[in-house]
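Just passing along the structure, written as structure tokens.
Labels A, B, C and D are assigned to the chains in the order they are written; within every chain, residues are numbered from 1.
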Amino acid sequence: MIKTARAAVYDAPNEPFVIREFPVRDVKDDEVLVKVTMSTICRSDIHSYKGHRPNPCPGILGHEIIGIIEQLGSSITLDLRGDTLQCGDRITWTEFFHSGESYYTDVHDMPQKAEGVRKYGHDLADEDPHFLGGFAEYCYIQPGTGILKLPDGISDEEATPLNCGVATMISVIEASKVSAGDTVVIQGLGLLGLYGCAIARFRGAKHVIGLDAVPDRLVMARKFGADHTIDISGLTAEQQIAAVREICSPDGADVAIEVCGVAAAVPIGIKMLRVGGRYTIAGLVNPNANMTLDGNELLRRWITLRGIHNYHPRHLVEALDFVMASRDQFPFGEIVDSKFSLEQLNEAFQRAGDNSVLRAAIVP
Amino acid sequence: MIKTARAAVYDAPNEPFVIREFPVRDVKDDEVLVKVTMSTICRSDIHSYKGHRPNPCPGILGHEIIGIIEQLGSSITLDLRGDTLQCGDRITWTEFFHSGESYYTDVHDMPQKAEGVRKYGHDLADEDPHFLGGFAEYCYIQPGTGILKLPDGISDEEATPLNCGVATMISVIEASKVSAGDTVVIQGLGLLGLYGCAIARFRGAKHVIGLDAVPDRLVMARKFGADHTIDISGLTAEQQIAAVREICSPDGADVAIEVCGVAAAVPIGIKMLRVGGRYTIAGLVNPNANMTLDGNELLRRWITLRGIHNYHPRHLVEALDFVMASRDQFPFGEIVDSKFSLEQLNEAFQRAGDNSVLRAAIVP
Amino acid sequence: MIKTARAAVYDAPNEPFVIREFPVRDVKDDEVLVKVTMSTICRSDIHSYKGHRPNPCPGILGHEIIGIIEQLGSSITLDLRGDTLQCGDRITWTEFFHSGESYYTDVHDMPQKAEGVRKYGHDLADEDPHFLGGFAEYCYIQPGTGILKLPDGISDEEATPLNCGVATMISVIEASKVSAGDTVVIQGLGLLGLYGCAIARFRGAKHVIGLDAVPDRLVMARKFGADHTIDISGLTAEQQIAAVREICSPDGADVAIEVCGVAAAVPIGIKMLRVGGRYTIAGLVNPNANMTLDGNELLRRWITLRGIHNYHPRHLVEALDFVMASRDQFPFGEIVDSKFSLEQLNEAFQRAGDNSVLRAAIVP
Amino acid sequence: MIKTARAAVYDAPNEPFVIREFPVRDVKDDEVLVKVTMSTICRSDIHSYKGHRPNPCPGILGHEIIGIIEQLGSSITLDLRGDTLQCGDRITWTEFFHSGESYYTDVHDMPQKAEGVRKYGHDLADEDPHFLGGFAEYCYIQPGTGILKLPDGISDEEATPLNCGVATMISVIEASKVSAGDTVVIQGLGLLGLYGCAIARFRGAKHVIGLDAVPDRLVMARKFGADHTIDISGLTAEQQIAAVREICSPDGADVAIEVCGVAAAVPIGIKMLRVGGRYTIAGLVNPNANMTLDGNELLRRWITLRGIHNYHPRHLVEALDFVMASRDQFPFGEIVDSKFSLEQLNEAFQRAGDNSVLRAAIVP
């Protein structure tokens, strides 16, 4: 077996990534060693890189990862779906892991919120097992990770975002109780918004209405299931609300979802809803996203407002099922629109950071 | 049959109520004529009286009403529970009524939010059938009202608030998904808060924590099922949160409910919740109840925030079942702590308005 | 206005239908007079005609009906969705109607099970308003019926079964909690089975497995969304179960639905389910459909078994949304594969009865 | 530390238990060593003892166990509720354990049904760690067990059945969706039936109707919350149904629960339900519990029938909360009505087997 492998190491915020080698050892009984075939740069990687949030240095960033099983711990035999795992299988896995007993895991079935939960791409590279992030040749999957075998039919480009963007939006759409015949508003048509449009459409939404201020995104949203798109650049809040309400007879949308990262969008979106409508906050991932709401309006109109972050392992299973069932309908492959080698990670971060690419992939 | 009956008429905001007589006619096929035995003054009656919200004049206020059936329309045979109705039965009924087809009624099962829904105590007294409010000798129950027979065992004092405060809080506690073992925070210990404490306790809450700044209300809350009460006078938001969290091991309350009418209480209450906790706004009945929330906190902590107003007819049935099952446990009769004749309505409003009584009853 | 119109009257079981004329009068305030454009023969019409179940004679059979509004009662202004109704609109409506208060309607939101609920096609033709069935030139829509405007894009053939087969299967799939990624077994591929396949597919089922013993039906099921079909002719129960389980990794299907009308299919279908699976009985519409189940198996495997009959008005709205959203995907028009005039009703019943047509339409 | 401890060993079906000594070693990092303070004999222990179902020999039976922590593995720090664990704490724990990834655990949140789940009282005593059953001085709690600290206020008699009978009935009542105001029928008033009555009452059931043929049990059921009891000895099925329906106006019970172990009770109980009623099978724990149901009746009456077995760890938390909140209301201590030493286990099994005691406790 090989003795070392390469990783692009994050030494300090805004500093260039540096290629280093770390030892590769045999797996423990409850680990899996994966040869990374693709990883993608998530917006939260960029936040980490820019120092907007603390991440240990030196580290290996990246949590949207897929790869091939190279070594399988003896106690790992089945994937989340109960299918047998073996060396050579191509897999995805939950971006977080947790093991042991926990109030949130065992009582509330929220392993993603367990005390002590950890996330790939957030550890020191200096310590064993070194490889716990996506921008490297290898990754050690830790106990308490949900693993899922990938079918042959899915491309790497379609599969890599499964464990972050797709699974999160499966979680969001479920929490928003989108059902067939519903009218769904998506505020923000970035990666999460595109997946949101597609999942809502796939679940039988009557109307999927996408809002953004970037014309290219509106075009893309139509490919991902939006039957109405509204360019909000230059529109007042009242105009946005009126534009949506005109589509939603007789009294507004059933569901609205914030994935634009702008807190001020929330009160606008709430006014687009019918009595009894559901609003979900899914994009306000940065602290202090303050917004002013009228509690009387929430009360009189029976509004349900939920915040959703991350997902449950079962959502990863549903994410894969969704992409496999609808890949003829939606051009998932187009989302990953650029590829870079490990050595090109600095360029990839620059391009992802200035939005000149939609989703940058690293092929180590 | 008698030809006329008395009502205390509301001629203009802040003017004294005047006793007038109106004709009493035979019922139509789909009406019920009730001889009022008791009505109580709701806080919203006081808002109407003071002109804080529009109400037609001259009118008969009052929607918390019970009475004896004097005439029964030929098409009315059963109550909400399917029990036979007949003259002489003592009954309560939904404070609202609506008939005909409706998007909200027929599709979303929210008759309380149907286009064209009307409420007792909100009509002109000059027009037939004149008697549509509580502060009068009679009331005509209109088509589309949910009627419920009262058992002998319940006193008028226990029964009169059923169709407003009790049924609303049944609706609120249901929407808050309070289940056995939950820890429930009630912000505000007025009438709604007391019923909220009792219903949460009745449904098996592990802890019911009542918050208010009026010491007498804290004492009363303990009689209504609160096992912890916190006097928030002089406490900062952080102190309130800390006091609640100390009780709620390991990570905050499952549910918090706003019934204090103060929008600023909402962000404080949200910080009392565990990840995945539910917050319900039930007391912000006045417009422009603005509050500032941190959307990121809602997201990271999977908070569900709901506004609830009014109730479904089935909640009235559950309200009666609740009071009948727990009247040995909670002193519901003490809530209605004063009685007045129709002629004393001005005094009753004054006493209710300055909070020198808890719930004023009119016995015409 | 015309004074009389034609109907094909059912005088006695198994006797030929006879064309008779009945008076057409102006509508009451709460009625709608519809000029029938198409009605279809449901299996239950055949049961009535053959005398397998009591139906008043002389009567006008038929409850799957659409038509054009000719007169609109003054109190009817909006459809179920809140859209404005006017003369000339083409509409569908719930096959049942009920008005007034009711325990099941007002407390349990099951208007379809209200005491005194009535169904189109089940009244005496001799009495006013005479026209209450589908096989006639006119139909009077009664108070308590849910009305829904049809968009131009839907053909009569696609629209006529909406208020029976489609809405019922929307109700069944909802009760079966079919969600994206589920594996769904449909036992029986007649009209209900085909709609069941299509709705399950539309809601994102991972696998839709159709079972029948008629080869033509298996072919049709593949057009309606089944990705696996199993010809059960000649298969033992064990073989059927094994064939389904081979598809459903790792431990059986999430959902199975009986729409074959054979009670013995139920225990077989239950054995196809995973632990926690849901089974819905939707086709056993005839009395004494006895079956033997092993209660221990239900217990150990956490099986949920539900019976579903008929539907809620909101399901009719969803039925229309479903057909409009998926009519490019599924050939709904092919289901209504034959047309007859009112005078040809005898032939139509013969053809429907011997299954030489799939769904016979009457165009009066 | 001591080197050996005593256990009452089950060598073969129907043979006397024999006291043997086994080594007691230090715990591994993920184990807990408990000094047993009480264990009780469950009906399933009797089935195992009589050879009605396979259980490895020689073994230590008993899964209803509580005890004091003597050694705590270094990785075990918190209980299910998030409270800190330490030596000397008195605890209860789930009767089953499972560790590692699993389709049922991770996707469907049913750890109790995970592939490879194990149960206390079902292992060979010859192998390390020897002590995995209740009828011994010690028990080693294995990884994947949900542990819960017991408050001082609860007696051993109240606490020992928590992890079997009480938690199971919490699971059953939840699955039956018993809510305030419901009418609940309990068929069978043994241990599960008594807990079922009490939990239904605690959750606010309007009527709790207990059925049994043993007069003493009817008396006991009234102490545990049944407000109606029906002695079914000598009653036909029709008479039982009529007796229940007389209490349940207007159209039958909301919920019925089988805990009598007799399959023939199921079709009788179903006929006691209203349209839309829920029936739960919870007592048919033995194979081949065949029963004949009318599928048409299930369909027409929208009946939901569920089988429930065992429970989720969160139900153990709720079980303890329930007993703590209602121990002044229900005489839980009376259920454990006899105590035996380890040496008296043979006598205890005899008394439990012939029903001359309600619940026999072993105090080693």
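By our rule, a contact is a pair of C-beta atoms (placed from the backbone, for glycine too) under 8 Å apart; a residue touches a chain by one contact, two chains touch by 3 or more.
Predicted, not measured: the structure shown is a model, and the values here were computed from it.
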*Comparing C-D against B-C, which pair counts more contacting C-beta pairs?*
C-D
_Centroid spacing, where centroids are CA-atom means, of subunit B and subunit C in whole angstrom_ = 42
*Give, as an integer number of Å, the spacing between the C-alpha centres of subunit D and subunit C.*
44
*When you check subunit C against every other chain, which residues touch at least two of them?*
78, 81-82, 103, 108, 250-251, 317
*Based on which chains are in contact, what kind of graph results: line, ring, star, complete or other?*
complete
*asked:* Quick check: in the complex, which residue numbers of subunit A touch subunit B?
replied: 103-104, 108, 110, 113, 250-251, 258, 263, 266, 275-276, 281-282, 284-309
_Complex contacts: residues of subunit A adjacent to subunit C_ = 78, 81-83, 170, 180-181, 199, 202-204, 206, 249-251, 317-318, 321-322, 324-325
*Partner subunit A, residues of subunit D touching it in the complex*: 30, 75-76, 78-82, 100-103, 106-109, 115, 146-147, 313-314, 317
